[in-house]
């Protein structure tokens, strides 16, 4: 017992940004639900989950390059590219659909791998390299789908964007979702299951692997990581590859949600920029080495919850970017107050 | 060849970028000669027209360079540019241009203070500032293109010609001379390089590094503001999203010109040539009637390819 | 010659970096169970040698033979597999990872393919216990530890790899004296277990205490290897620099105390400085001594305007003056210069030219209305290079191309351009070759003779004794003893450093 408290205390002191963001999200969301006329209901949760999952995936994607002290300016474009691919492939027979989803995510992963190879073997700064590959991804997206549109299976759209009950009903599982035991979890939105499921399957093993450790080590002290015999090049490539993978997941879900693909340059750019904001709000340092994907997901959810407030408080939606900007600036300024208390000014320049 | 290896590494990207500018012109000309039997790319009139539209990018990139030399970045350029243009047309009259520039300076000051004194990464702070400016301007205009028009002086600076040369090019040249002069000949310019290399060492050398950072962001803001004022003059009015097409090309121009994205190294002439490169590449792609998809792919591939070439040559000397 | 006894052997190894030869035709052997010192000035090739042995660099030519087998390491981890482990001067720890993760960094204990944190913590605990560091929590992040603790974690990390050859590159430079003793014991135990240690240090007393064999390097060549005691100290120094050196230190003129130029009264900051009282006159060199980490560095930073939240009084020329930034400190009002602790990150902008570095503190002196004057700049740089006899190809070369000693000279020259009245020196000779050290001592004396007031922190007692008119010993954030004149002896300094009142030499 004592040891658990001890461990929690250490974790709290080492991850202040993360726990701050978590607390912020919980408070924001509880207030939102109590203000909402149908608050604390499965319907509201389903709607919110659908609106949040894509940016959550993109924020998680951005986390990996940021942890190595880099940045991936192509995540939004890769998301757009994969969404256009999905809009072509995810339809037809179940087997065809599954293959299409697989190929979509594979395309994102492959693009991430290319980013990683360019950064590592071309020795380019990630921010510039991905700025350029982002343009390439947008170009490819425009090739795939010069006009918005697409053809995604309607059942799939319905099943994946609603609660587990609807999923079971659509595919005639568990007595069409009426099995008694199933009721405990039937209200949970499918997007959340997918998000948490993929996060748990990928992030947890990653964090406890030597590659994951190397990713953190690169962001913290790259020279020391190399000297200690850590697989630096491999870890960098994997970091960008995972960014591509999660961006691909985001693109796939975006396409399923909207039943279409759209090579929208402005949308891609805004997702990329929001992913950086989400990563920072979630307690990950842009210098690398500190933070994690769970924090980024929380950061993305915070950004989304703030936009929910516009609806229930009927604030002029024109003010949305103003409020988002102010929230971002206040959040990072709050974290920066510590610098004002720094007693040794040299500590500012680390 | 031996000249290339002996050359100052700072000049290498500049030489290569210049070579690439010539290559673009050559490829474009061969294309037009074979398809249309004419060579518009080599006609001064056409080139001047391209440079005129390129001067807005050139001015924004000049300001951004001072920030990148510090190892920072200014992502607020799109809406700084738009805000300056909108305020300039709203204020109108003789005060239009000063008002537009003041908006740019003010935004730069705010970003600089946040980055220098609160020590928030510029990437994130200027992102927030961009968002705030976007919100303010949408609130200001109600989300529509403002009805106000650019003043005659703004239009003169952006669209008129003196001796057959567009005035905008003179403005760009003037900004270039000022920025290059600051970087090369003033203690402020040297402080930018020192701070960009090692802020810790610069601070311990008694350089007021925070003021340097604020100053550079103000330059960047003012340049973006000027670009916005001119662009409004060129299109006779300000409009939503007019700055969106400037951020990535200006970053690309600065970097292709050899300025190190992590700060401390780079020469102004490189940025100038980087802008030329991007402007001419766009022109040639327009002439070829390349669809947007192809443009994006070529654009990205050119940046990657050039940086890979820089990297190669860098390795030979080190 | 017993081949089993030879762990590492280099045969005709050379290493070239573009035009320069870092190592030339070096042959060298390291025997099992020996503690082997490698001596030489900076640039003698010591670092290159150990980098080749430990797999960081590949030799340009020649053979590396480990336990009788020719090997080619392409990275440090391969050398570690062969039993060769190096503790580098620049710490190789990851600040944002836990102590335990750092200790078993590249090869953690795993369960079901994933890192097993519990076992990892246990391993770290037992290794830390071996070197008397039970106070370090394996779960703490390395960035939360002090420099000396980090160095010990570094040693624990090396031990965790079960080395057969342990290379220590200035590994004791950041340690407290208690830890130094621990490390000495550890090296002894390892030697008894048959482990060889290659030991690089600029501290002769350490070398004499620990090592049984000494090798001297000069200009990338292996000059001589001999057993301890075969050569006198003077011989060794002569082998290292290849020429005779006279007395290390310039003569000290008798200093007549006059009105102090700088007075520090009851200065306090956080927990590091606890009521320091000290004064400093023009023409005087005052040493700051004591064990490492007793507030000496903080005191220098406080005077230079870097620290916030100071209490107490600082008088310069009788007037209360407390600059709030280095920029204010260097202004005419206080006219202070600081040669900082780490020349690579604090003293210099390494990729920039020598010129840019030299004028970085004196833009005001070489410019008018904010514009730099080419002539003034040129003249200032030329005089700076000449005054310190900086050996540089061209003033437009990057300062990173200079040797360590010349780099430090650039830092000093940069500050002399501001013509300061008060010069603060933070261990300016650390990691610098003997020849340059001597030049710096001479320069300090000349500056003092020219009326500068110099406050000089050093970890090397011999320097304090040789250079200073007065030595203030700090202990736990306060000056506990001031020694002057003939009272500055090694014994007195050591006694005061340990805050032993019984020595009776305190002034």
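Labels for the chains are A, B and C, by order of writing; each one numbers its residues from 1.
Quick note on the criterion: a residue touches a chain if its C-beta (ideal position, glycine included) is under 8 Å from a C-beta of that chain, and two chains touch if they have at least 3 such contacts.
Values in this document were obtained by computation on a predicted structure and should not be read as measured data.
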Margin query: Quick check: more C-beta contact pairs at A-B or at A-C?
Written below: A-B
Note to self: Please identify the chain with the largest separation between its CA centroid and the CA centroid of chain A.
What the structure shows: C
Item checked: chain A-chain C separation of Cα centroids, rounded to whole Å -> 45
Check: In whole angstrom, what separates the CA-based centres of chain A and chain B?
Finding: 31
Item checked: Sites on chain B at which at least two other chains make contact -> 200, 203-204
Checklist line | Touching two or more other chains - residue numbers and ranges from chain C | finding: 306, 325, 346
Next item on the list: Can you tell me which residues of chain A touch two or more of the remaining chains?
Entry: 345-346
Next item on the list: Name, in rising order, each residue of chain A that touches chain B in their complex.
Entry: 71, 118, 122-125, 127-129, 131-143, 146, 263, 266, 269, 273, 276-277, 280, 286-287, 316, 318-326, 328-329, 332-333, 335-336, 339-340, 345-346, 348-350
Next item on the list: Name, in rising order, each residue of chain C that touches chain A in their complex.
Entry: 56, 75-77, 80, 88, 90-97, 101, 105-106, 108, 113-115, 117, 137, 139-141, 157, 269-270, 298, 301, 306-309, 325, 346
Checklist line | Residue numbers on chain B that touch chain C, as the complex places them | finding: 185-188, 190-191, 193-194, 197-198, 200-208, 264-265
Notebook entry, point to check: Inside the complex, what are the residues of chain A that reach chain C?
Noted result: 7, 10, 14, 205, 208-210, 213, 216-217, 219-221, 223-230, 289-290, 342-346
Next item on the list: Could you pull out which chain B residues touch chain A in their complex?
Entry: 75, 114, 118-121, 123-125, 127-136, 138-139, 142-143, 199-200, 203-204, 241, 244, 248, 251-252, 255, 261-262, 291-301, 303-304, 307-308, 311, 315
